[in-house]
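As written, the chains take the letters A, B, C, D, E and F, and residue 1 is the first residue of each chain.
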Amino acid sequence: MRPSGRAPDEMRAITIETGFTKHAEGSCLISFGDTRVLCTASVEERIPPWLRGKGQGWVTGEYSMLPRATHTRGSREAAKGKQSGRTQEIQRLIGRSLRAVCDMEKLGERQITLDCDVIQADGGTRTASISGAWVALRMAVNKLMEAGAIKEDPLTAKIAAISCGIHQGTPVLDLDYVEDSNADADANFVLIEGGQIAEVQATAEGATYDEEGLLRLLRLAQMGCAEIFKAQDAATK
Amino acid sequence: MRPSGRAPDEMRAITIETGFTKHAEGSCLISFGDTRVLCTASVEERIPPWLRGKGQGWVTGEYSMLPRATHTRGSREAAKGKQSGRTQEIQRLIGRSLRAVCDMEKLGERQITLDCDVIQADGGTRTASISGAWVALRMAVNKLMEAGAIKEDPLTAKIAAISCGIHQGTPVLDLDYVEDSNADADANFVLIEGGQIAEVQATAEGATYDEEGLLRLLRLAQMGCAEIFKAQDAATK
Amino acid sequence: MRPSGRAPDEMRAITIETGFTKHAEGSCLISFGDTRVLCTASVEERIPPWLRGKGQGWVTGEYSMLPRATHTRGSREAAKGKQSGRTQEIQRLIGRSLRAVCDMEKLGERQITLDCDVIQADGGTRTASISGAWVALRMAVNKLMEAGAIKEDPLTAKIAAISCGIHQGTPVLDLDYVEDSNADADANFVLIEGGQIAEVQATAEGATYDEEGLLRLLRLAQMGCAEIFKAQDAATK
Amino acid sequence: MRPSGRAPDEMRAITIETGFTKHAEGSCLISFGDTRVLCTASVEERIPPWLRGKGQGWVTGEYSMLPRATHTRGSREAAKGKQSGRTQEIQRLIGRSLRAVCDMEKLGERQITLDCDVIQADGGTRTASISGAWVALRMAVNKLMEAGAIKEDPLTAKIAAISCGIHQGTPVLDLDYVEDSNADADANFVLIEGGQIAEVQATAEGATYDEEGLLRLLRLAQMGCAEIFKAQDAATK
Amino acid sequence: MRPSGRAPDEMRAITIETGFTKHAEGSCLISFGDTRVLCTASVEERIPPWLRGKGQGWVTGEYSMLPRATHTRGSREAAKGKQSGRTQEIQRLIGRSLRAVCDMEKLGERQITLDCDVIQADGGTRTASISGAWVALRMAVNKLMEAGAIKEDPLTAKIAAISCGIHQGTPVLDLDYVEDSNADADANFVLIEGGQIAEVQATAEGATYDEEGLLRLLRLAQMGCAEIFKAQDAATK
Amino acid sequence: MRPSGRAPDEMRAITIETGFTKHAEGSCLISFGDTRVLCTASVEERIPPWLRGKGQGWVTGEYSMLPRATHTRGSREAAKGKQSGRTQEIQRLIGRSLRAVCDMEKLGERQITLDCDVIQADGGTRTASISGAWVALRMAVNKLMEAGAIKEDPLTAKIAAISCGIHQGTPVLDLDYVEDSNADADANFVLIEGGQIAEVQATAEGATYDEEGLLRLLRLAQMGCAEIFKAQDAATK
């Protein structure tokens, strides 16, 4: 039995509230249960120096937790003067994931930055971030297409992410904070609609797992992402 | 005529949504029109080193803008590795303001941090922060009193803040971004319920004003804060 | 009775020694009693990037305390690797104040930096800095006019600053360190010759004051600045 | 055909030269072909603050590239004043991997730091680092056991890491720099002797892969790690 | 002929104005011609962690140039967020030099920090700093002895520093900025009264010199330091 | 008797292994006894901004110790976020020394960076660095000449460095760590083949020395450098 009473393959409720802020070209507040992340997409008509003159664009991500998103207050990274290794790892993952479904030539010489700011944390903040960032990116790209700035849709597919783990010996889907703190192994999957894998980050500090265990986690993730793809669909139509 | 169509002494709509996040001891999302700030109060049973053993507590503030709270994306202070002078000035102001209405001996040896994170900016973010932070602080102190950790209420009064300015020759109340960008002079007042002044920060880079002008701005601020005190009352009862 | 024996509306002795350093285009060592600040004006034929091509100049300020300007040694900001919030707040104030009396188009495409380095501190370092910086700026602008680089005088008026406060219930002018440490309320006024107000920064962490109290402090400040304007006159003629 | 002429499941030559430096409690220079990493284990009789009094130890990793380990000189992180996101990601991975095979209670209240400094880079520096770090750790633990400081061996198994990827449509083992730069997908596996998985970090920025593809890469990794385990055995006996 | 018209072995005028600031336990404004450095000695009843419990004290130095001490304005190290290599080299030199004439056991468990802040620069700022710092240190130690905090004088001798160089083929003493910029070789000597050498820092980027050349520079330095010792004597008596 | 059993004027064994890494234009692993430094020369076809358009090149150095090069592990400067004063002092010395024997006009508009990374430390790391850096520089310049990029050899002479000190009253050559820790005085000499002096850095924190003492140390250094010149010769031919 999971602490939350959920079945092993049961996701938390997903909600996606689009247009949460008015300035961003795309934005949403995504919730995976009590985990809530504000995702915004900002379009800028400039690209990183190393891409200039190549006729292509760039998509990148930034991530942060508000200090009191968590059970106890964490110190503010801006005040400490540097981003933690964890923050940098997550924002690199967000950027790579979204680039996996974006054709940079069709995007043209512009940059889209996905900011994922965690308002409230209860496990799975990086996976909610990626899933919500896709919605914000979709909205921003739609706006560019409506304005005629982009001719062909650069987004090749939906992308979503979910965490799975082994909790008290059972593979479970979409870990909340209580499960995450006690999980023997923890894996984040970033999957593309249609069955392709974009990223796997599987870690076992306590228990380890074998090939069979990895496959079980992957299959749970496929179920979870199918639900997220539906929620993304509903939010962007 | 103001760009927004408001009368010179007319505030924007104020809304205060309490309990916006579940982990903080007190929290609210405060809006002054399109300016929206998430304010949380975090209670910690420790105090800064220089206060140890004096039998008193501390109240402090931190402030940040999400990168895309603004019309164009600003760079993230955590990524740049330092907080701007503006940020530091504002968070010092938030802390001083709330300390002006808190009896540190009654608070006891604990620290309350007010985090003010701007979700969306349209002028007046620092004044919305102070006004909302008081609500979060009130809620956190109530919780401490209910739990018996504090015997006597350390909060001596309500405190609120509002900006005023001279826009095209007319003194106006509660400037939005459009007015703020074009104002000849700009003043932020932090007022205590009952008529006392806690802080005045009046600046005139373009036009200047005389004693009479300063008084006019102060009287507008008194009108504005009266409205905020009512909204704070409604939110915390 | 004030600790120094001064009357409530009595300033400390003001001295301004011009030409204190030989390299700067303008310089003075200003003293408000035992508070001594070295102010230098540096002219550079370049402007910040965001002003390029607009046909106007810029005036900015920097502020620092020598480590042993104070009763006990403070650590050096260069060694700590960052400027405190207080330092940044003061240097922003210095820059804004001097820009309030300088016509940027008449100045032309050049930048003048006012460096205010506190040699000895006894209260009122920011107000002495602003008052002395005007003298250094006046000297630097005179030099540019003599050299024919500027045709019309860009300085529109004198500007000076003074602190006032409520000490043991009495409004007093030009607080020294002992008074400042015990003041119930503390206000810094930046005034323009002729009666206009450029900046008010009034703070009440302990006691607060009402409209009447603010006016009393303002009137003391007007008396104090009148004296400073005379000293600036004498120093620059 | 691979650029190096190797078969798809062919590793580069592995060499492990133990005792490469004399001060460290354990050290080796590990080579995967032209990739050479100096791994040292440093034992310190202190533990991180958050572990004090829990009767257990800690194992952590640090990683760096010498500026000219690469084809063109990279700037020195110490000179830039911060470690890149990539560096932090890798050193977190090294630490987690080695903790997966170390019983912290048997280690006792001491910390072992594995420093992995890349002398020459030709692809696979993180996997060579983990594989070599285990050898250095093994040597340091042996020394502690010989000295009687540790009674029971805290190392529960060997651990090794290898990269695999899809290069021009073919899954290949142990990518060198040329392959890595052109790979469609790239995965790093950290495997424990006996068949368990400690970490998977699979990334597909260009092409993606499905479940079947992930399994093929995992099986290549199992072959590669088997070879590394042999080399580790030879080096530590 | 030297640019200044001085003879090769002629020093610039030395003046030492003691008690330049009132808070420091010792202070002086030392001038070598137009080079002027404010030196203060601050006594603190605490020592660095690594010296605790050893019954001895510590003497250390810090150095900084005011931004407009020089011909053109240099950027402020506190604003840049780090001290230059040159600054660190000089402040390490100041500390080592003064420790060479101070018996740390007689000083007792306290630290004296010598702050050397260059008000105006015209070559030789590091040597003026060391020479002036000794005066400030002497005054601070005298104060400690008068107060009975120290029984035996910990200062074992006077110490002074001077620069020499080869300018257009001629060895010259006490280089000013014009000479320093064009010198073929440049050497700073820190000498102890009585003929001992504490430090030699001789550098030849352009021309080099042989053993004979080094000796000539040393002998010029001995002449220069003899004059400084006299000025130190006069200042501290 | 020296702790190592060496005669006062006896160097440790010098070995220079060229081509230690394959990417650098020049590289060697130099050993002075147990002190081992990896020196690489990197040629870049760009120069610092302040040299542009002057028709000359630049030579610079960087220095670092691997964390466990020493008896006990030191913290990594990249992790601390800044280079120590000692590191900066040494890398400035390396750059100046090599520039003393390089004709910048003959080098042409390119920069050569000498990276000196200490693999193992046993005293004399800066002198081994300079001596090895010359070998790497020689190799890189040879490569440029062979490729026809440089017409005339810009290297005017060999340069080498060695430490000397007074250990238990006796002047000794090439101090190892044990001697260095107990030396009364310590001097590093950078000498040019043919008898010229490029740099002297002599320090006496404990005992001091007179003119005669300095000369004795210089003569020991001349003997030591003669040996290093021979080793450099052998390595580069």
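The criterion applied here is as follows: a residue touches a chain if its C-beta (ideal position, glycine included) is under 8 Å from a C-beta of that chain, and two chains touch if they have at least 3 such contacts.
By chain, with names taken from UniProt: A, B, C, D, E, F = Ribonuclease PH.
Here the structure is a predicted model, which means the values were calculated and not measured.
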**Intersection of the contact lists for chain E and chain F** = none
**Request:** Figure out the least number of contact steps between chain D and chain E, where 1 means they touch directly.
**Result:** 2
**Message:** Sharing more than half its contact pairs with E-F, counted by residue number, which one of A-D, C-E or D-F qualifies?
**Reply:** A-D
**Complete:** When centres are defined as mean Cα positions, the distance from chain C to chain D in whole Å is 59
**Approximate Å spacing (C-alpha centroids) for the pair chain B, chain E** = 50
**Request:** Indicate the whole-number Å distance between the mean C-alpha point of chain A and the mean C-alpha point of chain B.
**Result:** 33
**Request:** Enumerate the residues of chain F that touch no fewer than two other chains.
**Result:** 81-82
**Message:** Once the touching pairs are worked out, the chains link into a ring; list them from chain B, going toward chain C first.
**Reply:** B, C, E, F, D, A
**Asked** Which residues of chain F touch chain E in the complex?
**Response** 82, 85-86, 88-89, 91-92, 96, 99-100, 187, 192, 195-205, 208-211, 213-215, 218
**Fill in**
As the complex stands, chain A meets chain B at residues 21-24, 27, 34, 38, 40, 42, 44, 62, 64, 66-73, 76-79, 81-83, 87, 113, 115, 117, 119-121
